[in-house]
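Shared between the two complexes below is chain A, which pairs with chain B and chain C, respectively.
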Partner chain A sequence: MSPVLERRPQSSTVMRVIAPVIAALAATLITLVLLALSGKAPMEGFYALFLAPLATPSGWAQVLVKSAPLALIGAGLVVAFRARVWNIGAQGQYIAGAVAGSVLVIYRPEITGGWVLPVILLLGAVGGMVYAAVPAWLAIRFNANVILSTLMLDYVALAGLHYLTFGPWRNPANFGFPGSVSFPASASLPLLWPGTQVDLGVLLAFFAPLLVWGLLRFSLFGYQVRVSLSEAASVYAGFSRARMVWQSLLLSGGLAGLAGILQVAGPIGQLQTDISSDLGFAGIIVAYLAQLNPLGVMPAALLVGLFYVGSANAQITLGLSAALGELLQGILLLALLAANVLVHYRLRWRQA
Partner chain B sequence: MPRNMDRGRESKLDKQAAVGPPRLELLGLSKHFPGVKANDEVSFEIRRGEIHALLGENGAGKSTLLKMIFGLLKPDAGQIKWEGRIIQIGSPRHAQSLGMGMVQQHFALLESLSVAENLALTLNRRGRFDLERIVHQIEAAANEYGLKVPARRPVHHLSVGERQRVEILRCLLQEEPLRLLILDEPTSVLTPQESKALFAVLRNLAADGLSILFVSHKLEEVRALCDRVTVLRKGEVVARLDSAKEAVDELARLMVGEAPPPLLLSEKRKDAGPVRLQVEGLNLPAADPHGMPLRNINLELRSGEILGLAGVSGNGQAELLAALTGERRSPTKSILIDGLPVGYLDVRARRRLGLRYVPEERVGKGVVPELSLIDNGLLTRWGRFLKKGWMRSREARESAWRLCERHHVRQTGVEHPAASLSGGNLQKFIMGRELDEQPTIFIAAQPTWGVDVASARRIQSQLLELRARGAALMVISDDLEELLALSDRIAVMSGGRISPVRSIDGIDRKELGRWMGAGREGWESLNDVA
Partner chain C sequence: MNAAAWISLLSAVVVAATPLLLAATGELVCERAGLLNLGVEGMMAVGAVSGFITAYHTGSAYLGLLAGIGAGAACGILFAWLTVQWVADQVATGLALTIFGHGLSGFLGHSYAGDTITALAPLAIPGLASIPWLGAIFFDHSLPVYLALFFVFAIYWFLYRSRAGLTLRSVGEDPAVAHSLGLPVNPTRHAAAAFGGAMAGFAGAFLSTAYTPMWAEGMVAGQGWIAIGLVVFATWRPLRLLGGAWLFAGVGVGQLFSQAAGLSINTYLLSALPYLAVLLALVLISRDPLRIRLNTPASLGKPFRAET
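Moving on, here comes the complex of A and B:
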């Protein structure tokens, strides 16, 4: 008897929901094996990675704070990927948003007023959009490959951030260390959960997937995204591919930019060289873990956020490598892609 | 008859008398797919030197059967016997090594390479790459089998008929001597003259002992060419006839299950009304290297009239449709709707002027297969279901329901994806969606291709009804019979040009056939007066 993959007559909805769970279980199993192989006690490692963060309220708070930008970025990327616009530039758009939102504070460090925070957030979103407009224009005008242009612009943004935080925007009072001035109170997100870093930004971020769900389900834009599954049908329907590329890049770029400024105006408090922009890539994993469904973005973001917090925790308590967190995410993505096969195929045992 | 020896090689065909075990025997072959029985206990045999027809309408299970014979699919039940021995055909390579060859509807030729280079890809498995040897083989085959093909010419310069001959040559020149040649709907891409030439070649080959399996749904050809017929309907063998000379009606009845309903010709054709759409001197370069440029296209679509555009697929029909519908922009004044220059208008703008169309590609363009029927029902009329940028989902659902009811579209629920619809129902859905919008100019490309007879009749009746209501229609089809039944005037598209337009009364089929083969040299080369 040998196993055989047989195509299902209809994609299984049940599997669509279970596949991420299977993937998560497989990823944790592989992690345990790796832990054992590297000489650490697997069960302790498992506890430190996945359970310790959930054991205390402050752990939960950390997970929420880490998941918020993932939910924002993931929601935007769900739209882009559904429209087959492969935006790999969330990292660059995140940085652009952080930079754009910081402009006001850099040049007017003592600024006050209730209007400051909303304007900064708006600037952040716009910054992300403008940065995403570049690959959009390149794609439409020159047929440039979106994957390549967005990816390359990530490095440009990283370099730009490095330059700004070491150069013109460096706070002179920092004793030579890179980084901008700290954001004043008027430009900082109010805390919602005292004693933690859970702020208004976290609340905003978790609304994003819901808004995106509504957009995709009920609006004309959402209909266009659905139809863009087929290029020829989009032409037949009278939809412009160029418009779809613009709109999806601007939307996902804007949400990534907003995530960037929310981090800077929130937990980080200043524009630094490292503002966790690698969240832009984790956002891709979140989008796929959510099966490109906006409703799945929240649980997916929480899971990946948990992986982040857990691996940071394991570094401290067990001395595990810092790269472990990234390794986990990669394994999770691979496991998910493999588990997704079961959505379209079922496993049968055949007589050899 | 003297044989031309190709450097000492034997003639490739087995010249055995028509005795001994049958070349191919199918015993109780069955194949199931989720939800459908594609083939159910199919049994028949093909003798040596026989031209055997596999007759069946679209959806009868012919393709699945061919795939099993050629090793592309494994049968769920039943046996295949090759020259008396039971065998399992594991792959097309295995089938070829037994002596089978297949010419499919869609050719596997690389356009930028020459004929010899294309054949070298599959024939030169062992040894050095020797193009000259292939060229010699091709020329020898030309003499031996009457299959003339210019060996060094690049394929994109060849007509479709010539390309098909290259595919047949590929089978004849393969390593293992060819014993069974399978042709899948070969004449769907040929002009009438090319079909005749093909039949002559096939009869020659069969006389030498080659067995031929001729798969078709065209009754006249089967009667003209074939010895015995196996009729397939809904996956089962419904008849095995010893002579193909049965009356057309009887064959049709066997294929469909009852006499096909006659085409309802509405009351006698009224005189055509005013010109609704006009094309004047349209020249359009090819959109890509393998496309067809449009040259000096002139035509008129008049109210209450159907203009039929005949011609083999690939002669510019797709490019013309793209230009007429707005998918591709043209010089402004070259296309006029009700006298207004509209060449620069896009698809949506022309729809607002009353122009609607049904494209040739149903799945993937006419509908998005993964989306529900509700979503697909809006595809070309989503503007009507918008309220301030938001889609009205309840109205959309009801509209999809009514569409299916009105046009007899059999489905399992409008929330289900369009991919769940059969070919005929899908086309009824698409046609219904367009017709319900009361178009004043309507273009249909290959409206009944691959559709079962009952649905095809319904669609053709709808076209006639639309004409009776005063719309201006154009039907593009490679089915000449269909065009002759529906059109008021008819023209032929060939090589990116349109022939002179003729009224259907007193039409000369031979002239049409000649025009279909005219190609790029134009009608002048045929000394036809416009």
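Moving on, here comes the complex of A and C:
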């Protein structure tokens, strides 16, 4: 008996939902094996990674805070990836948003007023959009590959951030440590859950997937995105590819930029060198884990957020590498891609 | 600058181009078979960490290189298994491989941070190494530097002069036609992906055992992505990889030399230069859509499954 893949007449909706669950289980299993192989007690590791963060309210709060930027970035990437615009540069757009949103505070630190916060958030979103407009322009005008241009711009953004935080924007009162002045209260997001870092930004972030869902479901733009799954159909319908590239890059860039400024004006509180870790790439994982469905972005972001909090926890309690979180994400996505074969194919056992 | 400084600069460029050339040669073969593997960065990271750990424990940098090649090939086989056998999306799989490889290298290398090994020793080629100028620039390096150059020419010969190369190109252009002609589409793609992975692993192991023989997380630092850009820059032709690799490596090395020379440009801004150079080169090469369309393997990135 050997298994063969047989194409389903229609892709299975049920499998589309079940596949991420299968993948999560498989990824957990692989992680336990990895922990055992590296000489750590697997059950202890499992507890530190997945259960300890959920055992306390403050752990839940940390997971929410970590997931918020992922929900924003992931929601934007769902649109881009469905439009087959491979924006791999959410990292750079996130940094651009954080930097653009910080300008006002850096040059006018004493600023007050109710208008400050909305303006800062707007600047952040615009910063991300402008930075995403560069690859859009290069793609439309010069036919440059979006994957590579967005990716190269990630490294450029990171260099720019280093320049600013070590150079002209460094707060002299920091005793030589990099980082800008702290954001004043008027430019900071109000806390919603006292004693934790859960602020207005978290709430805003979790609205993004819903908005994107509505956009895809009910707007002409959303219809065009859904149709662009088939190049032939888009061309036949007369939809402009150039406009689709522009719109999906601006949308995903804007959301990534907003995620950047929400972090800086929220949990971090200043523009720092290490604001980004690897959120841009984690956002890609979130988008795929959500099966490119905006409503799936929320659970996916929470799960990846849990990985971050869990691996930070395992680093402290078990001395494991913080890279474990990233490793988990990679294993999870690989497992999902393997499980997804069941969406389009069914396994049949055939006599050898 | 005097002659000695120029020689050391150019010789540094040849060395710095080596990981780019190795990884890009592998990726080129993979893409010519129709598989777009965006996991080069991750496969290099896996190659780097397995190469380092092996060299650290065995004391042999050559065994480290072999371990890196093996680990990279394993990643390439995983990629082929997912995208060819299981018809998974190539872009998603490549990105997953990059994130996985990054995570794995950080996880495995965690306890080796800052450890050093004895670097791969240079092997001066007798006779050639004593040619004035050229000897020091090209013929006084460690083994992978020569192998990188060798592979560029070997792959050129393979693709354009051998029957297996013709098969590989046909598979990349039109797998359906290749399949109906009885050519082994899936085995070819598996082999191409394994080779691409092995070369990326080799490139990574070169970084950790010869270029900077000390373990530091994130030492690949985007070179895998630059290698993918290099393949587009070379419009999928092996010999053109050479010029691109020397150009991009030259920008990186020039940046380091200008810092050493005390040039008053900010270090952080200068560090963006190699990436900007790749971006600029991409724009210049892609400006003509026809050139890209004619040279891109026609089935690149598209899933293929024979429905029998």
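What we mean here is this: the second predicted complex is superposed on the first by the 351 of 352 C-alpha atoms of A that agree within 3 Å, B and C clash if a C-alpha of one lies under 4 Å from a C-alpha of the other, contacts with A are read in each partner's own complex, and residues count from 1 in each chain.
Just so we're on the same page, contacts are C-beta pairs under 8 Å (C-beta built on N, C-alpha and C of every residue); 3 or more make two chains touch, one makes a residue touch a chain.
Owing to the predicted nature of the structure, the values given are computational and were not obtained by experimental measurement.
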If touched residues of chain A are counted for chain B and for chain C, the larger one: C
Which superposed partner A:I285 touches (first chain B, second chain C, both, neither): second
Contacts of A:G238 with chain B and chain C, given as first, second, both or neither: first
Contacts of A:R226 with chain B and chain C, given as first, second, both or neither: first
Partner chain in contact with A:T196 - chain B first, chain C second, else both or neither: neither
On chain A, positions contacted by chain B and by chain C: 7
Chain A to chain C touching residues, read off their complex: 5, 7, 34, 38, 86, 88, 138, 142-145, 147-149, 151-153, 155-156, 159-160, 162-163, 166-167, 278, 281, 284-285, 288, 320-331, 333-334, 337-338, 340-341, 344-345
Chain A contact footprint on chain B (complex, rising order): 33-35, 327, 346-348, 351, 359, 361, 364-371, 375, 378-380, 382, 386, 389-391, 393, 420
List of chain C residues in touch with chain A within their complex: 38, 42, 78, 82, 86-89, 91-93, 95-110, 217, 222, 225, 228-229, 232, 266, 268-269, 271-272, 275-276, 278-279, 282-283, 286-289, 292, 305, 307
Touching residues (chain side chain A, partner chain B) in the complex: 7-10, 218-223, 226-227, 229-230, 232-233, 235-238
